[in-house]
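Down below is the structure, laid out as C-alpha cells.
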Amino acid sequence: MDQIIDLTFMGSAFPRIIEAIPTTLVLLCLSMLLGLVLGFILTVMKVKGNKAMVLLASTYISFMRGTPPIVQLFLIYYGSPNLLSYFGMNVDRWDKMIFAFIAFGLGNAAYLSEAMRSAYLSVPSLQLEAAQSVGMTDIQAFRRIILPQTLVVAVPNLTNSTVIVLKNTSLAFTIGMVDLVGQARMVSSAAFGAKNLEVYLIAALVYFVLCIFIEQFSQFLENYFKRKMGQLR
Amino acid sequence: MSNPMLQLRDIHKAFGTQHVLKGINLTVEKGEVVVILGPSGSGKTTLLRTVNFLEKADRGSITANQFTVECLDAKKQDVLMLRRKTAMVFQNYNLFANKTILENVMEGLIIVKKIKKKIAEKKGLEVLDKVGLADKANAYPNQLSGGQQQRAGIARAILLNPDVILFDEPTSALDPELVGEVLTTIKKIAQTGVTMVVVTHEVSFAKEVANRIVFMADGNIVEQGPPEKLLVNPEKERTKQFLSRITSEKGSTDFSN
Amino acid sequence: MQFFVDNLLAIISVAPVTILLAVTAMVIGATIGLGCAIIQIYKLPFINRLVSLYLAVIRGTPVLILMFLAYYGIPQILFSLAQSTSLNISVNAVPPIFFAIIALSLDRSVYLTQAIRSAIQSIPNGQLEACYSVGMTTFQAYKRVIIPQALVIAIPNVSNLFLGAVKESSLASIVSVVEMMNMSNIQAVNSYRYTEIFIIVSLLYWGICLGFEFIFSAIERRLMKGKMTV
Amino acid sequence: NEDGDENQASEEEAEVLTVGIGNVIPPQFFTDESGELVGYDVDVLKAIDDLLPQYTFEFEQLDLAATLVALEAGRIDIADWQFGRTAEREETFLYPDEPYDVGLPILITHEEQDELNSLSDMGGLTMAQMPTSSFYTYLTGYNDENPENPINIQTVESLPVADAMDMVSSGRIDGTIALAGTYNKLADEMNAPTRSGDVIDAYGVYYILEKDNTELKDVLDEAIRELRESGVIAELSEKWYGLDNFAEYTEFTGDQSFE
Amino acid sequence: MSNPMLQLRDIHKAFGTQHVLKGINLTVEKGEVVVILGPSGSGKTTLLRTVNFLEKADRGSITANQFTVECLDAKKQDVLMLRRKTAMVFQNYNLFANKTILENVMEGLIIVKKIKKKIAEKKGLEVLDKVGLADKANAYPNQLSGGQQQRAGIARAILLNPDVILFDEPTSALDPELVGEVLTTIKKIAQTGVTMVVVTHEVSFAKEVANRIVFMADGNIVEQGPPEKLLVNPEKERTKQFLSRITSEKGSTDFSN
C-alpha cells in the first residue's frame, strides 16, 4: 500500500475496460432514440390532446419519473416476457440489449417529453399565429416555425438527459449486460476488489471524455440554432 | 349585392365576461378597400383576428370568396381553406423569429403555394425591393428597426396574393415618406382586384386609401360610408365625437398651408 | 399481508431521509446552478472558464464516484487541515448524510445550470431592457421579472431533475446512509422477497414523486399567468 | 424422453437450465483476465452439469436482487449467490438439503489489535457491513442481545472485502467480517496490515430454486452428495479457498449436519 | 448654454459593419421637449437606446442632469445612475409579461424609488386612470389591445418622474382621440420641468408638442430648429425631400376645412 494508485495496473486494465464502450454507446443511442420518439408523442398528447390523452400521458410520465429505473428494467426484463407469452410471443432468447434499451427508452421518454414541453412553452403564441395567417397547416407551422425555435431552449435540457442516460446505462449490469461500469467492476473483482480505485478512475475518465464529446456537440448545436435565429452574430 | 368577397355575419366574441364584439355584420366587395376606424380597445384587432380564425368567434359565420365557414363548427380543413384565402399584417409585425427577412416573405410561397424555391426567391427579393428592404434580405427580424419589420410584414402578406388582405395598423411605425409608399402599394394592389380591410388610426391615410370607412366603437359598427361622407358629415353622435378631436387638432396644426 | 405492511412501515420510516436528500440537493444545486448560469450567460471573463471546467468535471463524473470522493476525500482534507492548524476537527463526528448531500448537490448543480440558463435565455431581451429603463439593477431585474418568467420554462425541467434526485438519492446508501433503497435492501435480505419489496418501494417512490409533481404543476399553473404560449 | 442409451442424442436433447449467478465476488464467482466466468461456485456447477446428462447449464450473470427477481419471474431455474438458509427465506424459495459450500465468517481487525477476537470484543467499536449480506444480521443480532454495549454498525451498500480491509487498515473502522476463504485469498494479494480473529459462525451454502421445483431439488441433492463423497468438492475448495471448507466446518461444529 | 439637462457628445454606434449612429451631438435644456423626426432605419430608436445604455455606444459621452458618463468606460454604478435619471417608453411597449398592468406601473416606484406599496398603488391607479386604463389595472399585458399596452408603457415611464423621459413613437398605436390626450399629458409634464425626447412619425403631433425638432437621416443629425422653422422652411435638401411628401399628402387630403 505504499503507492495510492497502481499505474501499471491501470495500464493493463485500461484496454479491457474500454472494450465495453461500444455496448454503452449503443445502449445510449438506442435509448435516446426511443426516448425522443416516444417523448415527442407524449408532448404532443399533453399539449394538444383531449382530456383523456392528457391524463394518459401525465400518468405515464408520472409513473416513469416516479419509480426507480432499476424497477423499470426488471419490469421489462422479467415482466414483459411473461406478459408477451400470453400472446404467444417468445422473447426469452432476445438479446439483453433489446430489453435494456426498451426499459431505458421508455423511462427516458418521460423526462424528454417534459424537456420538450418546456421548450415548446417558450415559443410565443404569436409565432404560431403568424404561420397560420400565411395559411400553413398546423404540421407545417410546427415543422418550419415552432420546432426550430424550440430547439434553442431544448438542446441544453436534452443534453442533460443524454448525460443522465449515459450514466444510468450502468444499471444494465444488474441483468448482466457488460457496460462500462460493469466491465470495470468485473476487472476490479478479478483483482479481488483491491484495485477499485484504479478501475473506477479509468471508468470515470472514459465517462469524462464521452461527456466532453456530448457537451461539445450540444454546444455546437445550440450555437447553430442561435445563429439560425439571428441571436448570435 | 352582386358578388361580395368577404362577408361577416353576426360575429360575437367575448373574453371571459368582457363582450368585445357584439354582433358584427360587414360585407366587402371584390377589389374594395374598407378602412376600420375606432377608438383603442373597440375590438378592431379582435375582428380581424376572428376573420383569420386566430381567435375563434363565439357566434356567426364568415364567407370569403364564396366559401362560408360557420364559426362554431368550423372543421380544421375549413379553417385552413379560409386562411389560405386571406393574409394578415399584424399590429406587432409577428415575423418568424427563426427566419431571415427573405425567408419570411418566401415561406408562404414555398410551403403553402408550393412554388419552386428559385422562383420564390426572385419574387421575394422583388417585393422586398418594393418596400425598400432589399439590403436587409438576409437580416433576422431582431436586427431590424420597427419600421423595417412592419414593411417586411406587409411584404409577406402581399406576396401571398390572397383574395383578401387584412391590415392591422400597417403604417403605425412608418414615417410619412413610407406611409405614402404603402398607400400607393395598396392602391395598386386594389386595382388588381384584391380586397382589403385596413385597421388604421391615421385618418388622413384612411381618407386616401378607403373606398368605404367603417367606424367601430365598443364592439359595434356605429356607421359606415364613403370617406367624403363619413369623415365630413357623420350621422351618429359617437362618430362626431371621435372625429371632432381630429379636426380640431388638424385645424390648429395646419400652418403648413 | 403482514409482510407487506411491516416492510411498508419500515421503508416509510426512512422516507424523510430520502426527501431530505433530494430537497437539500436540489436547493443547493439550484443555488450553484443559478450562479453558474448567470456567469455563463454574461460570459464573465476568466470565471466563465472556471465554471466551464467545473461543469465538465462534475458532469463527467458519475454520482457514485462523487459520493466516494466526498466520503473519502473530504475527511482527508479536513484531517490534514486539522493537523496543519492544530484545530480539533473530528471528521468522524460528521454524519455520512453530509457527504451524500454534497455529492448529490454538485451533481444536480450541473444539470440545473443548463436548465436555468436555457430558460433565462428564452426570455425576450425586451423584458430585461424594460427593467433597466425603470432603473432596476440587474439583480432586481432578475429577481422580479426575468426569473419569474424563466421559471415557467424551467419548471418542467426542474421537476425532471428533482424527481431524478429523489431516486438518485438511493446512491447515498453507498456511504451508509439508510434511505429508502438501502432500507428495502435491508428488509429484503431476511426474506429474499425482492419482488414484493421492489413493488413496495416503487409505490412509495411514486407516491413521493406524485406529491412533488403536484406541487410543481401547481407552481407552473400559477406562473403561467400573463404568459402567452403556443 | 427415451432412456438415455444414446449419449450424443441425449446431449443434444438435454434440457437447458439457466443458472442465475453473480460475477463480482471472488473467489466464488468472478471473471478472469480473459473475461471468462470462473470461481469455486462456477466449478462446482460445472461438475454438477457433468454429472447430469439430462441437463445443460447455462449461466446468466446477474446481481443479487436481479437473481432473486428472475427466479420468482421464472426466468432462471437455479439461483447461485452463496445463499445462506433462514426460515423466512424458505417460505418463498425451495432449498436443496445439501449445501455445495460452507460459510465460515471470521472477524477481521487491524494487525495491531490482536486483543479483538470475537464479536463480544467489538462492543462500542465501529464495524461496516453491507445490509444485503447475511453477516449484517450477526451484527444486528449481537446488538439486540447486548443493548448496553452495542457495536456501531455502518451500513454500506456495496463493500467489497478488499475495501473493508482497507478501511480496517486505515482505522476508519475497527473491524469487519469476511469469509475465511475470501480473506485467505485476499491476504495473499494485498499486504494490508490486518489479521483474522475467531470463526464467528459456520453455515451451509445452498442453491435456491423455485418453490415447486422438487424434481430438480432431488437431482441436485444427489449430485452434490456424490461430488462430496468423490472428493471433488474438497479439491475445488482447496483450489479456490486454500483450505477444505467442509473439513473446517466439521471441526468448528463438531458434526456434519447442516440443520 | 446655461444648464443643459441632457447632453450627447459624439455618439457613435455600429452593428457589425453597419454604422448606425455617426457622431450624434445633441443638447436638451431642462423642461424642453425635443422631437426627433427621420426616415425609418435612420437610427432614432438606436439613439434613444444608447442614451439609456440598453445599447452601448462605441464612442462618445452622455450627460444627464450634470452627471456625465463616458460610454466606453462606464462603470455599472454610473450606468445605473444614468438610467435612474431617465425613463423610456418603448416602440414595442415591453411591458413586464409576468405582471399586471398596475404592477407594471408600480414596479419602478416600489423597487427603485422604495416607495411604500400602499402609496405606490394609489399613484399607480391614478396614472392609469389618467391614460384611461383604470378598468384594466388587473389585466395582464397579453390581454390588452395594442393601444392599451402603449398607454400602459407611457404610464409606467411617467410615474417614475425622472429628469428625462425618452419616448419611442408613443402614439403609434393610438387613435387620434388618445393622441390628443397624450399630447396634453406630455405638455403638462413638460411644465413641471421634466425634459423629454420624443421620436415620432406623426408630424402634426411633433408640431404640437415640440419646442424643437431634430431631423435625423442615415445616422446623422441633418438639421434642427423650432417646428415653425424646420417644418415650414427647412434648410437642407434631405429635410425638404422628407417633408415634401407630407405636405403634398396633407394638401391633397385636406378637404375637411
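Order of writing sets the chain letters: A, B, C, D and E. Residues in each chain are counted from 1.
The definition used in the following text is that a contact is a pair of C-beta atoms (placed from the backbone, for glycine too) under 8 Å apart; a residue touches a chain by one contact, two chains touch by 3 or more.
Keep in mind it's a predicted model, so treat the numbers as computed, not measured.
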Inset, instruction - Please identify each chain that touches subunit A as well as subunit C. - result: D
Legend entry - Label of the chain whose CA centroid is most distant from the centroid of subunit B: D
Inset, instruction - Report the chain whose mean Cα position is at the greatest distance from that of subunit E. - result: D
Inset, instruction - Quick one: report the Å distance separating subunit B from subunit D, using the average Cα coordinate of each chain. - result: 83
Legend entry - For subunit B paired with subunit C, centre-to-centre distance based on mean C-alpha positions, whole Å: 51
Inset, instruction - Could you put a whole-Å number on the gap between the CA centroids of subunit A and subunit B? - result: 48
Inset, instruction - Provide the C-alpha centroid distance between subunit C and subunit D, rounded to the nearest whole angstrom. - result: 38
Inset, instruction - Can you tell me which residues of subunit C touch two or more of the remaining chains? - result: 181, 198, 227-228
Inset, instruction - Give the residues of subunit A that touch two or more other chains, as numbers and ranges in rising order. - result: 70, 74, 126-127
Legend entry - subunit E, residues touching no fewer than two other chains: 92
Inset, instruction - Can you identify all of the chain pairs that touch? - result: A-B, A-C, A-D, B-E, C-D, C-E
Inset, instruction - Note which residues of subunit E are touching subunit B in the complex, please. - result: 15, 37-41, 45-46, 91-92, 143, 145-148, 151, 169, 172-180, 201, 203-204, 207-208, 228, 231-232, 242, 245-247, 249-257
Inset, instruction - Would you pull the subunit C residues touching subunit E in the complex into a rising list? - result: 126-127, 129-137, 140, 144-145, 148-149, 223, 225-228
Inset, instruction - Within their complex, state which residues of subunit C touch subunit A. - result: 55-57, 59-63, 65, 68, 111, 114-115, 117-119, 121-122, 124, 152-157, 159-161, 163-164, 167, 170, 181, 198, 201-202, 205-210, 213, 227-230
Inset, instruction - Sort out for me which residues of subunit A touch subunit D in the complex. - result: 1, 16, 70, 74, 77-79, 81-82, 92, 173-176, 185-186, 188-194, 196
Legend entry - Residues of subunit B that touch subunit A when the two form their complex: 49, 52-54, 76, 80, 83-84, 86-88, 90, 92, 94-100, 107-108, 111-112, 139-143, 156-157, 160, 162
